[in-house]
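In the two assemblies presented below, chain A is common to both, partnered first by chain B and then by chain C.
This part shows the complex of A and B:
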């Protein structure tokens, strides 16, 4: 790890705000909402009353993320292949995705995906005319493809994921096989059960959006969706609390001999000379520790996550006399996935893909409410 | 002049910041002062380098002469490379007078007998530092001038600083050549790496130590008397603890600037111990971890941890021993029979 790992932070882009989705005065507990507008703010929220939600493979879903001690159900064995076509989702792995929460889309229909692709294409061309495209001087003919990913969902209530891809065709060739993928983004909802209550018919709920590619394209695509479906995108930061949940849960997953280390990266930017600390634990040893901590039958509690993290912190303190708990946890990396507090994720294992998406869906839903 | 030489000179000049080009060419001394006068050093670098190549062409520069320019560049900007430290060992105690000519001859002979295709250059500097540049080839290919290894050897010391190219396979040969040429018996890599060559020298030659304890004996609280608040109602609650932390930190790190290192890495193979009440892991095997600290200036960063409240004072000896032990790469195993607070680094 080179010095100064944490990339410079910048505020989330301010897009056009569409008509705000009206919040329903639901029976859910008020609780603190995670303030994630600017990625500079990543507060450790106090746990609120409610239950942590989960769906397979991490267990059944009920309440909202980040809440205490009832905890989340235990992760069962990895998802069996028959439920997920691993081939079709392989392209999602090993890429860094930037996370956003999206309010429900108004009058979105799966039957019109081709139309949307056409309209978005025209919009992008118009934006380029206005001079808002990324690369100056490069004439890119951009083609848009919008498709549905029926396998990416948690329960039947979820809406299937929607994938948007921007391809560039060099002016010289007209063969579609030579199109180059320059940007992708997908909306999904994995086990967003019961969110929101009493959703009117015209609304489609796809609260999580993941983007990979140039920021300016994300901005253009996002603007079009916001204008067309009256929704609102917001960068989704991941708090240190959520990151430690991910560390604990992913440590507990059964992995083969090829498992890589559980790596936690802490940052101390406020010193005269910034310091980054990478703390990597052998996956077998980390799992052994977690297995002794995780005692509640059928679920994981906030308390267990705290104990697990405290064990790691105190082992570190024993050696270095440094209080890791006073630093900021910015990144968690395991064989399953790697997540950064700025709100980026990399999926590394197909069979745990939906499990991780479930967590992220919850985070997104939390941010919207 | 060979095209490859021309291209190499052109690229080397392009690396140099524009304001420095003239002085570096003067240090190089290959082009005469009169020739240098003909170059316009205020145009864009592309054009400057073309003019330089043109003049070198007229003077039929060869690769060895071009390599000297590369040495000069790296001597002024050593921080662009990562340096490792090696220590040579002698069994006998007879002090040998260092003969530069003999060193060069033996070094070249060893390398050339193994590899025909190498470019070797030497340059001696005032502080007794000998810079050696080696461009490596294979029996079938010419030396790759763009990935040379650099060796800095202070002949009065057993220490060698090496910035290897990516071709690690040449290291054993390089080490052997150094040992033979300098009449030592053995060479060993120390666990110390950094981009700051001068800091590595400071650590290994113990130059950083001279600034405190004997030189400036007064502890901080007498020197940095904080301006007392005019308002007597404001008091520092933890003043004595704060002063203790400052004093302890000063005792460890001293006053002066610390040598500059970018990272410290620890491979931990110690047992996991916890509060027995918690009933967590109690294995007989080590809890294996790898910890890496990174910073633009690691030691300054560590120095500020305790005063910032992020660490206990005194800081762990694992961190404070870095300069004294001249290493930033450690393997820590459990020491048997001792209180768990103490560790040994093999």
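This part shows the complex of A and C:
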């Protein structure tokens, strides 16, 4: 899996002026690494969301077969000004999360989180030792904590995010050491905008699930939730189209001096051996380009995203005679976050966390719709 | 037998209980049978029976007051009594009153172990085991007068005979006593089995759970403990949890060994045709899969939504002890008895394989039920779809089964699922028309009726594309499925004319005009693709048959479904059918025209009788079109003037000059029921029968009286459609030899 591994990046010189593409001395060519990486792309999901949905293959459909928006609002302003404790979500950063979509949970209640934790911890013990019965409520090797993250939501209609943590109990002898976190996962919904319409009260809509830790724990926790709340977990892949949206949106965010290079990784299809092309761009150059492209006030349109990507492609073609449009965009990394088409994400900036989650919520909803 | 089965699958504990045969009925049957058999038997046999009965009664009274410590070897009375009891028991079974006496002796420790064991082994009931006898036996067991071997044998006997005990209320009261016996290591497996049979929800208590877990800790993983604990989990998931290893099949040791042969003998004697009544829907669970790729429809399991209620903070009206676990639902009577305290399973998708729960679902009006199923099914369909998901071809068989299951459920509920509908809309454009062909086409027939405009681009266009580019058989399959679709829509309208109650996510437009538009759109679509397909397939009779079958539903909509909708097949279908070489097709067409006529006449009559203008009425265009068709048909089958009279723009009318130029002799008569290419075979057959001596066939002989004979001959060949058409649409004037056709409808001038 390429997840979590940042491919070796060459120097990303300032080369892109934005307004015009001048021929540059060969030495100052954009960073390119033609690495023969083997990327496991056999994801058990649809190649792209677009294939199964009608109309513009992107965005949230309103109504049954309604139109999806061809534009999105600009990413919300960084939330640092708001009265949100960034510390409370800091632990979500710098980890690679695997994405799932989840259908609405039936009869889930915030009032019983402790109870859920007890049941889940017994369930994990029973699953790990098939055939041995486990009493509920006793201390077990793996402790489960289920809690609410009230800050993590977009609007008042959204349900607060739910965090599930598996902690391995430290041996009784060394009481001083803390329990070790071995797996975590969280459900969230940021600006779900009342999807689906008229959902009865018994259902809780938390369409996005993110997991970090061993797949075996994800499967146990996931199946417990599926059994208990009659929901359905599905891996959420990110289509190349969505990735290009992310590239454009995140390029446009103000980052100050700390910004690192924007890196796009493309995979060349139909080769006997996988070939990845890494394309790194200095953030200020990318921002400059984006600012010339982005004109529509208050929102970003599909057209703008296409132009932005086309500019990058034509610049690349000028230097390397490779049409990136014929390859598949598999990964986007910026200072905001890094996303892989297999459906993994790493958040890097607290203040943009909800903005990214909003986009992911949208993708999750379009998958369960 | 049934017990053995039940002990293997702890998920269906009630199989034991439900499998009880109706003993009272049997008892009656037995006495009458007995009398009869006595009469029928030869007398020596009867006498033998009598004497056996006598010695059995003597034996019983002997055992009633048997003294302590009698040795078998020395005591002939004991020997004789034992033998008498064994003879009766192993052949006919013991009467209920025998159990009191024999159980008491066997467990009192008065006799030697060997004798006690022999006594226990012959305790085979002829009808029932009285509960009182069992209860007093248990009390003897507790004072431990008998050896542990005998105790063990008694528990095994109790398990084997559990179904035959006439009532079990007092036994349930002894639950704690049995539970206490668990500590005996040797007896533990059997006691677990017995508790498994006895346990009810109220028996599951935290202290018992703890005790069982202690035993588990002491003895390790034991099948019998696993089974009992999983039953406890079933009743109280908030107390204990367990995941059963997949491979175990037998959770309990076989108990019925010593009695098996005798039970079979007695059963065969008393129940000559014994059929185990097993309605279980048990199905083999297939191997492991990825956890979130759960194409395997989840097994029914009790909802855990009562987890919170047990915390006791509030009084719950639906007391959890009242609810009936779905795992135990095995028979229809059970469903009826427990319908008020049944809960849906925790994963709604499990209803797909459980017809009983589908019945229940049918009578519960709860939106969340459908929503839960909807969410699950739409995800499962998308994730497992073999033609939408790359590299998923190895799962085609499974996906087929899954689609088949959904289809069966839809047929059962007589209702299409919206999740399935959306899936079809999304995946039809990507479908190759081959993968899971019959399943997909079947599912198409359950697409719900909606009058939204997207139907054309979502369903008709992708379907038409596949239709034109696929084989003849695929075309017939599509037509068959669209015929079903039309029927389902019509039925749906018939049986739920006002679907206001249906507060589905997407409410359907149920106004009459919406309904009529949707129906007309479907019928016209089928008309269009059929016309084109007939050209592509060179007017194949096989294809025509499927097309006309569709119209058999269409032609009767007015009368059968009371809807003002009559659409005639386009000329591109009518003429190929009329000129078809196949008598079957011609006959089918005649029947269609007869039904159209009946419907049109009824519609006309209705419109005339109701003076006020109806909002919806059959357009005069339809009448005109029908009349044109009828003229062509009558000309073609009867009056031999199709070339002159057919006025349809696509009809057969031809100029005389042109006809002469063809150089066909007697072109005028070349189309009627004698010369029509589909009928000429019958004409030949008729002539051969009527004039066996004629060397040459002279078709002109069929006229006058023989014309009528020929008609009778045709009707006798089973051409019912032709008969109905001729009798309804051709007005024969009796004196005219050929009869005279009338284009019957005067409506065309309305």
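In this text, the second predicted complex is superposed on the first by the 275 of 369 C-alpha atoms of A that agree within 3 Å, B and C clash if a C-alpha of one lies under 4 Å from a C-alpha of the other, contacts with A are read in each partner's own complex, and residues count from 1 in each chain.
The working rule: contacts are C-beta pairs under 8 Å (C-beta built on N, C-alpha and C of every residue); 3 or more make two chains touch, one makes a residue touch a chain.
These figures come from a predicted structure and were not determined experimentally.
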*asked:* If we overlay the two complexes on their shared chain A, which of chain B and chain C does A:288 touch? Say first, second, both or neither.
replied: first
What is the contact status of A:122 with respect to chain B (first) and chain C (second): first, second, both, or neither? second
*Could you tell me if A:338 is touching chain B, chain C, both of them or neither one (first, second, both, neither)?*
neither
After lining up the shared chain so the two structures overlap, which partner does A:274 touch, if you call chain B first and chain C second: first, second, both or neither? first
Exercise for the section: Would you sort A:222 into first (chain B), second (chain C), both or neither based on which partner it touches? Expected result: second
| query | Between chain B (first) and chain C (second), which, if any, makes contact with A:232: first, second, both or neither? | reply | second
The answer to whether chain B or chain C touches more of chain A is C
**Asked** Can A:366 be said to touch chain B (first), chain C (second), both, or neither?
**Response** neither
(message) Under the stated touch criterion, which partner chain does A:320 make contact with: chain B (first), chain C (second), both, or neither?
(response) first
Chain C contacts chain A in the complex at 209-210, 212-213, 216, 221, 225-226, 229-230, 232-233, 237-246, 248, 290-294, 298, 301, 304-305, 307-308, 311, 346-348, 367-368, 371-372, 375-376, 378-380, 382-383, 388-392, 425-427, 430, 452, 454, 458, 505-506
Per the touch rule above, chain A residues touching chain B in the complex are 1-5, 261, 268, 270-282, 285, 288-289, 292-293, 307, 311, 314-316, 318-323, 326-327
In their shared complex, chain A is touched by residues of chain B numbered 262-263, 266, 268, 270, 272-274, 278-283, 285-298, 300-302, 304-305, 308-312, 314-316, 318-319, 332, 340-341, 343
Touching chain C in the complex, chain A uses residues 42, 44-47, 51-54, 64-65, 100, 103-104, 106-107, 109, 111-112, 115, 119, 122-123, 125-127, 130-136, 196-200, 202-203, 219-220, 222-223, 226-228, 230-235, 368
